[in-house]
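To start, I am sharing the structure in question, which I have written as structure tokens.
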Amino acid sequence: MFNYLHNHYQAFLNGFSRFINNIGASVMMMIVIGITLCLPSAGLLLIENAGQISQNIEHEAEISIFLDRSVSKDQIDFIDLSLEKNSLIKKIHFEPKLIAWEKLQSKLDVAVSSSVSNNPLPDAFFISLNTLDEIKIQKLLDSLDGIDGIDSVTVDGNWIKKLRIGLSLIKLSVFFIAALLIIVLLVVIGNTIRLQTLTYKDEIEVSKLIGATNAFIQRPFMYTGILYGLGGGIITISILKLSVLGLNATLIKLASIFGNNIIFQDLPHRFYLYIVILAMLIGLISSYISARNSIQRLKIYK
Amino acid sequence: MFNYLHNHYQAFLNGFSRFINNIGASVMMMIVIGITLCLPSAGLLLIENAGQISQNIEHEAEISIFLDRSVSKDQIDFIDLSLEKNSLIKKIHFEPKLIAWEKLQSKLDVAVSSSVSNNPLPDAFFISLNTLDEIKIQKLLDSLDGIDGIDSVTVDGNWIKKLRIGLSLIKLSVFFIAALLIIVLLVVIGNTIRLQTLTYKDEIEVSKLIGATNAFIQRPFMYTGILYGLGGGIITISILKLSVLGLNATLIKLASIFGNNIIFQDLPHRFYLYIVILAMLIGLISSYISARNSIQRLKIYK
Amino acid sequence: MITFEKVCKSYPGSPEILQNINLEILSGELVFVTGPSGAGKTTLLKLISAIEKPSSGSIIFESQNLSRIKDREIPILRRRFGMIFQDHKLLYDRNCFANVALPLEINNMSLSDMNRRVRAALDKVDLLKKEKMMPITLSGGEQQRLAIARAIVSRPSILIADEPTANLDKEYAEEIMNIFYSFQQVGVTVIISTHELPSTKINFKRLQLNGGSIQNLIGHVQLPS
Amino acid sequence: MITFEKVCKSYPGSPEILQNINLEILSGELVFVTGPSGAGKTTLLKLISAIEKPSSGSIIFESQNLSRIKDREIPILRRRFGMIFQDHKLLYDRNCFANVALPLEINNMSLSDMNRRVRAALDKVDLLKKEKMMPITLSGGEQQRLAIARAIVSRPSILIADEPTANLDKEYAEEIMNIFYSFQQVGVTVIISTHELPSTKINFKRLQLNGGSIQNLIGHVQLPS
């Protein structure tokens, strides 16, 4: 056991000294890993943020029910009651015509609204549903149509559908890009390690000739790979952290233009840990595979 | 002269055979270059497309001038005249209240608008300016304020400003990312070539010892670098072309959701040529620098 | 200790180098393998150290059949050998000390033991003064001696040396031979290929390989003392 | 052709190897450099081929001062030399033919000329049968002969050989020496370091380097015929 640890310690020292001896190559590997991992990480950040926004949106209306302008208080109560009984409906929001008018006024130009004397808007219910199932929604709409006092019903959900489709498209492409980039990284690191084994081919040959096992020979390369991953991961999270801070600072400065409700949520800290671990894993796996292949293939006496 | 060409031909054959002998490393280099260059190229595509959209938008209004509801035809003509005399104003569009009301009705829900009996909107001029200079605009606003028949003036330009700022931010970050990625590519290719020179160090040493010049030794590496660039460039434009085709096919399918006015413009064909040339240049430059350094540094007799 | 039974060896695409070799090397023997260039001396040594496998026949090393040895058993076997290669196979990116230390590193030896053993080996070949130097700065003969130090540092039970005195003048060659003798004295089996037999008085066995790849086994020879 | 004037050579961090050497090598001479291991034979040859520069003194090669030669003039100089290195310096990823062809490639020779010249050189060292083989599959002596073929293929005006017969048995060593003689016969200057003078009858000049790095210049010697 002590022997085993000592072995690994020696291999680590060896790998570390190779890392230092090729410091140029090492730094470039770390930068490559760092920048490459930035992309999917930034994607993760976007998804996390977009996810929150879309969750907030979920609570907003999906069906608008406009009532007759001449509707009575009793009728409104009755409609409210029948809506509340319906299990498809998650949330009900009643908007009296006065409030709706005020909102419209604040949206339209003052000049315009001030010239309108009487409120042209009706009372309305805005409800959100548990389902996106077209058939169920259609049934609900049909049943609403029959109720007295309801003037018209509009399904507002389309733009949320659009947003959701858009989001899931983005999510999909981020995962796709992430997978692609991780493969690229595996290949790049693996190839770098392979080229490195070639530059150490004399040492590998001699070591084999005097009785070193393949495991012994390949261990330092694996530590080099892990170090690449560690460095690269640290670069990634540094860039990410700085970007979030920088972006938010900019957004605050630009608040007058964009409004200050857009603030980037930072990733939870454990995500940063995950990124570093992922990077190290990538370094380990690619160096393991490529060193193994390369060392096994290297014929002794060549 | 013939000698010179023969020399380069030999070096090319040599570089090509190294490219083939290390076909694994070569393919991975090309994939790395190809994918890396995709990003700024896709950015270019986006900018080109966004640029066109924003040009279309430029012709729309930036200042809205709402007139008194009681304004007379003469007053309108007078205002029109004084607006046309102003050199800051690029375009004038008069929107009678009737048309404005129709537009609003089509935007609002039918149920709402049908319940509004009389048109609450005023006549309006929408003008676009030659300038974005705050002071000049303020002067213009002041002068407009004095004119009889004008009820209120609103500067609508904000969202265009937002779009423009957004676009130029995107443009800037695309160029920034492009520069970053090109540097990364230079470093990655350079390092790969450097590692390759190390695997050929015996050959380099012996060649030097028997009278080869540095230029002679480094030439094949440069051809290898150019080949990497060529392959990578071709991969980039293939991905790009396929993406544009695929994206447009998808957009057409989704036309029912997003509307079918969004169609990606392909890049002009000369851009594809530029991308390949850029990739080859990157390959050439990085392999030149790294092979040169590496070969000069390689001491003969170690 | 080592027995060849009807061993043949040919490389792909070339005629048979060794034909039907039978021989026995006893533990503690000193054996010289001689023969003209290309006769197969190096090939014979490679067969013993399991670098090459015989085309047919069997090689028995301490009841282990080397013609059927598994890849993962080879490292354990090799650690018992001290090998000196015709082309030295030194590592030119490590200094002399680190070159000699390599077999001990592989055996996972502690640093202090390593220091002591490496210094002793370097001293034996008269290179202790150059322990910090890189092999590339050594003369041809010094490199050869360095390779010998690396072979003896792990106190192998068999020493296999391929023309260990090729680059050495007479004086040094004799010194090196004396080192081999002293190892033999303490029970190490020593197998040396050479194209020049030593002129010292000592018991040895000579295996003469003829260019025609037929082997003449000449028994113990006592040089005139 | 080559004149050493008060040449001293020391490597950084070690004592002077060559002290105050004066010597002259005439065009067309056959020169043997002898001396014990570590005496500085290789160093002397490296000074002549501008691989090392002298610490002081000057080396004149055909009125060109090698101690002050510019880096970009060295390749042109080297192409006139045929060099055989103590460690061969063969390329193990090219076959024998390609190894020998390398100097001609550097001289930008046409393929057909190259073919002819390479075959002739391989034939001279008795390796024409092995032209398609990789150097790693050659025996030690065969590799040495391959290195000789590479040195003579470009018909150099000076041949510099560092222990070219170390790995060869007597017979082959004599054959190789005969190749060098034949080059000398056609006017090539031949400089050979060795720890064993040839036993053939021939005129040569011997430069004896003593371990103490003082040089004894022994004039033309005519061996008993």
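We call the chains A, B, C and D, going by the order they appear; numbering starts again at 1 in every chain.
Following the convention adopted for this analysis, a contact is a pair of C-beta atoms (placed from the backbone, for glycine too) under 8 Å apart; a residue touches a chain by one contact, two chains touch by 3 or more.
Here the structure is a predicted model, which is why all the values come from computation and not from measurement.
Via touching contacts only, the remaining chains, with chain D excluded and nothing moved, are held together as one piece. Most remote from chain A, judged by the distance between CA-atom centroids, is D. Look at where the CA atoms of chain A average out and do the same for chain D: the two points lie 68 Å apart. Computed centre separation for the pair chain C/chain D is 29 angstrom, with centres defined by C-alpha atoms.
Distance from the chain B centre to the chain D centre is 63 Å, each centre being the mean of its Cα atoms. Annotation for chain C: residues touching 2 or more other chains are 92. Residue positions 301 of chain B each touch two or more of the other chains.
Of all the residues in chain A, the ones that touch chain B in their complex are 24-25, 28-29, 31-32, 35, 39, 64, 66, 69, 109-113, 115-117, 120-122, 151-152, 154, 158, 161-162, 165, 180-181, 184, 187-188, 191-192, 194-196, 198-199, 201, 254, 257-258.
Across the complex, chain D meets chain B through its residues 46, 51-52, 72, 75-79, 81, 83, 85, 89-94, 102-103, 105-108, 150. Against chain C, in their complex, chain D makes its touches with residues 11, 14, 35-38, 41-42, 86-88, 133, 137, 139-143, 162-163, 166-172, 195.
Chain B makes touch with chain D in their complex at residues 3, 6-7, 10, 202-203, 205-213, 216, 300-301.
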